[in-house]
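Read from first to last, the chains carry the letters A, B, C, D and E; within each, the first residue is number 1.
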Amino acid sequence: MINKFLGFEPDKDKLPSLTAKIGDDIDLSSHKYQKIWLGPNHPGVTGNMAVELWVQGNTVVKAKTHVGYLHRGFEKLIERRLFVQGFPTSIRMCVAEPDTNEYLIATCTEQLSGYDKAVPEMAKWLRMLSLEMARLQGLLRGVPGQGGTFALGLGVQWGVYLRDLILDRFEELTGARVYHMYIIPGGVRGLLPDGFKERMEDNLRDIDDFIIRIRKLMFHNSVFKKRAKGLARITPDMVDKYGIVGTNARGCGVKRDVRKDHPYLHYDQLDFDPPTDTDGDIYARTWVRWQELIQTVDLIRQIMAKMPEKGDIKAEMPNVLHWKIPKGETYVRLESGRGEYGMYYVTDGSAKPRRVNLRGPSYTHAIALLEDMLVGADVADVHAIMVSLQTCPPEIER
Amino acid sequence: MSLKDILTPFTAWSKVVKEPVTIKDPLNREAAPRYRGFHDNDIDTCIGCGTCEAICENEAIDLVPVDGIETKDGDSGLRPKIDYGRCCWCALCVDICTTNSLRLTNAYKWVDTDPDNFRFVPGVDEKDWYKREEGWRKPEPNYEFYGLKRVEMGELHPEEREDSFVEMIKGYSKEQAEAEADRCVECGICTATCPAHMGIPEYIKAIRNDDLEEGLRILYDTNPLPEICGRICTHKCETVCTIGHKGDPLSIRWLKRYIADQNPSEKYKKILETDILKKNGKKVAIIGSGPAGLSAAHYLVLLGYEVEIFEKLEKAGGMMRYGIPEYRLPYDQIDKDVNYILSLGVKIHYNVTVGKDITLKKLGEDFDAVFAGTGLHLGRSTRIEGTDHENVYQSIELLRKITQGEEIYVPEKIVVIGGGNVAMDITRSLARLQNQKYGKVQVIATSLETEEKMPADREEVIEAREEKAIVNPGWSPQRIEIVDGKIKGLHVVQCLSLFDETGNFNPQCNMENKNFFEADMIVESIGQGMDVSYISEDIKEHLELGPRGRFRVNDYFQTSLPWLFMGGDTIQGPDVIHGIANGHKAALGIDKFLIGE
Amino acid sequence: MTIYAKLGYTLLGLLIVLNWGFLMGATFRKIGARVAGRYGIPFYQPWLNLLKNISTRTTITHGVMYYIGPVFRLTGGIGLFLFMPMVFTGTVDGPWTNFSFEGDLILILYFQVFGMLGMALGAGQGGHPYSAMGIARGLAQHAAVELPLTLAFISIAIQFDTFSVYKIVAAQQGGIENWVLFTNPFAAATIILAMLGAMGHSPFNLVKAPNEILIGPATEFEGTYLGFMQSAGSILHVMEAVLFMNLVFGGASNWIELIVKTFLIYFWSVFVGMVFPRFKIEQSVTWFFKVPLLLGFLAIIIYSF
Amino acid sequence: MKDLIEKLTEDFKISDVVYQRPDLAFVTVPKGVAISLVTELRDFEGFSHFVMMSCVDWIEEGKFQLLYLLHNPKTKTDVGVKTFIDRENAEMASAHHLWKQVWTYQRELKEAFGIDFPGSPRVDENFVVEGWTEMPHMRRDFNTKEYSQNTYFPRPGRETNDPAEYMRKKLYPNEPITAKKQDNDK
Amino acid sequence: MSEKDMNDKVNEMLQRSEANVKKAEKSFIHPEDEEREVVAPDGSIIKVNPIYDYFSGEKPKEEKPCSGIIEKFLNWARAESIWVLGFGTGCGSIEIPPLVTPRFDMFRFGVQMRPTPRQSNAFIISGYLSVKTLKRVIRTYEQMPSPKYILALGSCTINGGMYYDSYSTINRLDKYIPVDVYIAGCMPRPEALLAGFTKLKELIKEGKGEKANEYARNFDEYKANQKKIIKDWNMPDYNW
């Protein structure tokens, strides 16, 4: 009320429309607009990308996403590599949740070569464990990270610490901190080390405590609410129009979760229900992610309880040096922390794939959706909106 | 905005009294036991096979020679050098390492100002992390990048084969051969060990690609007797096969046989493109149609020479035909290889004994060069008491007689002295004959060497036992007991060692531990000698002698008489593949001698 | 007291303030680090930073105003110090009272804005769009903070019938009950709330908002100028705290008391800032125009009658 | 799924149906009807979620294979609509009007394969590479390793030995050997 | 100037700018960076070349260190106060958050993050650099005040790493900018990074952190290498 009175919330009906269409030229020489760049060297940009903003005062009137700063040509490189050599390369396609890439490339090759039935039971459970741990570490960064976009750095500090603990568990299990290179075509690369479950349980208890703390810090925070509520709203009708997936879709009530829709591994044996919210704004998305944090902790506990004690970790497969896969194509998807994450894989009967194409959720979220969503937003909110859409540039440009 | 929303965030301050969770000394923190840190290599176990280089997707690994490591059979003398400007620590190199020598320690700190320093040979260049035990090793269990188990070769059941000379090894089917070929890691270590230096990885690859014609071409590059070699080669290559360090070595011999078997002999000429051969007008005589002679003939005829072979016996093949029983090497397979060589235009004179029917000197005059691949056809005797008895036989004689279809004396109890492959051959042949005759077997094979050191192939011993022959090694024969002119048996004592410290043959026996093998017939099979009676004295005096009573030849098997080349068993000991290699090389030598560079 | 002695005391005081500012800054970063669960920077880090910044070898220039910006800011800080009585010694002519005089409260109000205006000049000439945005935010927020603050100052001035900070301090002596905190709670409340904005911590740290506008006005500054700005920032932080201490919390009768009180005053803004995110600029301005402004008016209304 | 494809086969000249999984099928249609099939699937068959668009370079046949992968959130099935276009002067009708994100894919394909989509917004803008002067980088005939080694100076001093070759040199330099055959595996 | 004249002038300029856009597509220069004419408020026409007008194109000069004990003292201060630019150029930047958070807490070693190149003196090249990023890195590096230091993480900066055969990423960082410290790993752990900082501190204290001068000394060589691979060079030679 007072805002309106003081003129801080302009009556938008009285102003000319700000929603510039993509491709419309904004005449910078009119001195009405200014162009600023958010990134690539900017602390407020996710990863190494850039958003070119045309602003009128504090309001964005047009935005363009620029990617390619992290472009390495993965899809080209994997075309040059044997099937087994693909997975160390593929894992680097997305730093935030690397295991998903490994799983996709392994499953694609298994499916096309007919070895998907041969993957041992133990390996399947371990795959699930590593995928859920990856989701957990992603959320531990992501949930407080949303607070961090509004300069609530405390949650980030706690969250990244706990993420480090999960990375320690990853290190024990897989032999590496970030790029685990654990899921290999045919199976996984190691059993649980001794005492892993106990140490994991310790960490999960810490995370339980953190979940409560972060709720008090962020979701019962008047300033956070003031900034996050009503900001960057996604409506259900936008979901199909823009190809929105994952928590971004669930935040506005569209329940899409690959783990439920197309159960892979043993997700059908786990008891969970993907959380949803109805508002579709940043607060709702963060809230959904927070609930997912609880759920992921629970899923890890379920997996550790249900997983067999011992077993084979890799199927018997042909010699990796000259493993050939007959001609075929497939699309495999999974639910990453950011939503549906898929891979289109084509083989031509040789020892190397013909084409690998990754479908990252950020591809649509960070370009088509973000550019449209930023129009009319405040410059101060740009970073928050990017993070709330879980923009991850490496999976866009690959 | 409720008051709760203003006050609850302050609960975060309760953390201020807690001790920080920071790692106090992060610079000396140990990584997890399984952490993939920097490389270490056990250079004594490593054989430099280069599989790590092959799997490395970043081309981070080079194979470089290392001081103090010799190149020898089964060890290339190279060691992996890793470029940390390329490595991504995926540890695929560790997982695939054929000897399990490569590993990653859990060290992870390497800071340097010079980017050129980040290359090192693990295990050789001094690094402080080698003493760490923790680190990444190949995961267990059942985590392999290639099959460790050999594809089982189908063979006749002992009951089926024990009384017949039908070939006992069935050969691989297409699926089996491809599965077996799939295990190869293409390191090529075996090529050096193979006396003929066959392109083993290449023809195995041809099997994988299902391009058997290409496979045959590769075989004939270095070996004109693939059917024969595919059955009876001593497969030294398999002893150094890198896969053998962790699992069963590849069945290289059976794969070779598979290629040869699958190509029909009618197509050979077309596949090998030998329909029309150029002639250069020069003539070469070859004495003996054994592996060395046939191999020399083959390559000489390809080089354009007119080749004539003089064979003492009535059929070609030499020791391959007359020394090896039919169940191991069926005669039609010998004919397949021999006929192909003959079809190239090689003339062969059967039943011509050089030295008797025609002199060597005459050959030297009639032909531009002579190659003698005469082989070892004289049996050696133990010279113990009683060996002059008429029922003490030489194995080589008996085998020839069996081949020629002559009736031989087969009593109920037989003892074979000798632990080599020939001994096993005669043992098993006699066992079959006994079976045919009496329906039961009582052959005892004994040798000086103990079970572990027996020179015979392991599977030969096992198969002999399957056929109910008794193999009882580790005994030194003392004397043959003869009562009333009839052999009663063989007295033996336990043999402790064969060689003294200097490596000379000097058996030591434990005279206390005695044994007696009953026998009606004794077969000696302790080695063969060469028959050089075909060389007349005037020629012989021009020939220099080398060690162990053999003639001295140069690298191209040329004797001191320039037109006379010698090769095969007489020069390099009893072995088909050596004979083939000798023949091939002598052919090149003859070519060099006659045509020049 | 001779003018030379006065000058000597003033320079010494400035040195103490500068160093206390550095130490206080480091201490609060350490406290913040504790809440996060870590150790944080060493206590001596700000001095090292200053040294390092001064020892930078290359500099850039965007013109004269670019240089003047940090100088203005430092001048603002020093000016604030020069006319601020630091320690109450019983006589205005005594040591540590600097050049306090009748009506210095008005001058102090001016000096508070002075640094910000200087920065506006420097940042403007720096030419970085984020500098401009930062300084625009800074000025807007400063205006919003200044308004309730001035109302509270006027209320206190009315209460004690003087514009001299020294006299206001003097009037509060003789026990905690004489503090403005208790004698003029509305003005005190206004100041305590507006103080959050003046100190520049969350939720009002809009000027330096790294993930929105890099580091705001200072984006283009480097080396010695950055050192100037850091020193000025430290002095300003202490002086703001001293100002509020003098006006609301009864001043200080010795340096120890000053240090304790400024620490606690500063702690208040850290206490709030640690657990709240940042406002947007219009939210921030609106916030100051709501509660603090209202309280300020109340404080004046009450003491006007 | 089978019913659906059979129903559409006639109208859209569908050929070459592959049921990769029970919930995933690939169909091939002529270039001209691909967009209309995609539109039909979106508007009438409930395939409202556009998963991805991709391209495969079948250089041997001189064709690009374009793929439109659609997802039906109700039946939880996917259909991949494939169409082949010529590699020379590759051009395809734009589908940017159907979903908001399609123009991004088309922009990428223009850059990576050189397929033109007339009318697609910003299709000519750079996507991931900047200042690219070579042929489109995802085409099969673009040799990335060669390009990289010619352009980016790999650090010198690397040399390696093939074990077999090295052993030959060391142990039997003069013996006859098998001529190395063409390496068609790698 | 009449209104009509003004309109004509503007139309003419618009046409010219359209031509410029077309030209720019060929020459890689962004239309906004093309040389153009602008009408000043007083109606006069000014030529503007954004690339060169906004920056100085002067070459960098070598900056001599102070002498003796003073330099040692300053080096000590520099070593103990390392301000790192918060520019995550590659995947190694995922290990930066652990460093600034409780687990590893690099603040206690005097290492802090700064958001702008003007205020940083250390630059972490966190792994692979695509050519597109390299352009920004060069620009950023040149904007940093001297003395400045570069830490290069991982294999990618040494010899291309996993992306040695990629058309998009460079192989050797030292060809384009001088590097002080290399840290092996893919990616290096935070502990290794801290070890890298320790090493950097040692170097600075020994007076060996003079790579910025090396850059100035071999400026032409570095620039030639940079220009060889950055094909759309649309910035001044040296970005002050």
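Details
Just so we're on the same page, a contact is a pair of C-beta atoms (placed from the backbone, for glycine too) under 8 Å apart; a residue touches a chain by one contact, two chains touch by 3 or more.
Note that the structure is a prediction, hence the values are computed from the model and not measured.
Looking at the partners of chain B and chain C together, the chains they share are A, E.
Looking at chain B and chain E, the chains in contact with each of them are A, C, D. Chain nearest the geometric middle of the protein is A, using mean C-alpha positions.
Relative to the C-alpha centre of chain C, the farthest chain centre belongs to B. Chain centre most remote from that of chain A: B (centre = mean of CA atoms). In terms of C-beta pairs in contact, the better-connected of the chain pairs A-C and A-B is A-B.
The distance from the centre of chain A to the centre of chain E, with each centre set as the mean of the Cα atoms, comes to 29 Å.
Here the CA centre of chain A is 24 Å from the CA centre of chain D.
With centres defined as mean CA coordinates, chain E is found 35 Å away from chain D. Averaged Cα coordinates give chain B a centre that lies 48 Å from the centre of chain D. Residues of chain A in contact with two or more other chains: 42-43, 68, 71, 73, 76-77, 80, 88-89, 154, 157-158, 161, 179, 217, 221-222, 226, 322.
Each of residues 33, 35-39, 210, 214, 274-276 in chain C touches at least two other chains.
Residues of chain E in contact with at least two other chains: 86, 101-105, 108, 115, 132, 158-160, 162, 164-169, 172, 186, 189. A list of each chain pair in contact follows: A-B, A-C, A-D, A-E, B-C, B-D, B-E, C-E, D-E.
Residue ranges on chain B touching chain D, taken from their complex, read 48-50, 53, 61-65, 71-72, 76-78, 83, 85, 115-116, 119, 187-189, 191-192, 197-199, 201-202, 205-206, 209, 214, 218, 221-222, 555, 581, 584-585, 588. Chain contact summary for the complex, chain C toward chain E: residues 29, 33, 36-42, 45, 48-49, 51-52, 55-60, 127, 210, 214-215, 218-223, 226. On the chain A side of its complex with chain D, the touching residues are 22-23, 67-68, 71, 73, 75-77, 79-80, 111, 240-243, 256, 261-262, 322, 328-331, 333, 340, 342, 344, 346, 351, 354-355, 357, 359, 363-364, 367-369, 372, 397. Residue ranges on chain B touching chain E, taken from their complex, read 20-23, 26-27, 29, 31, 38, 57-60, 83-89, 108-115, 118. For chain B in complex with chain C, the touching residues are 9-10, 12-13, 15-16, 18, 20-22.
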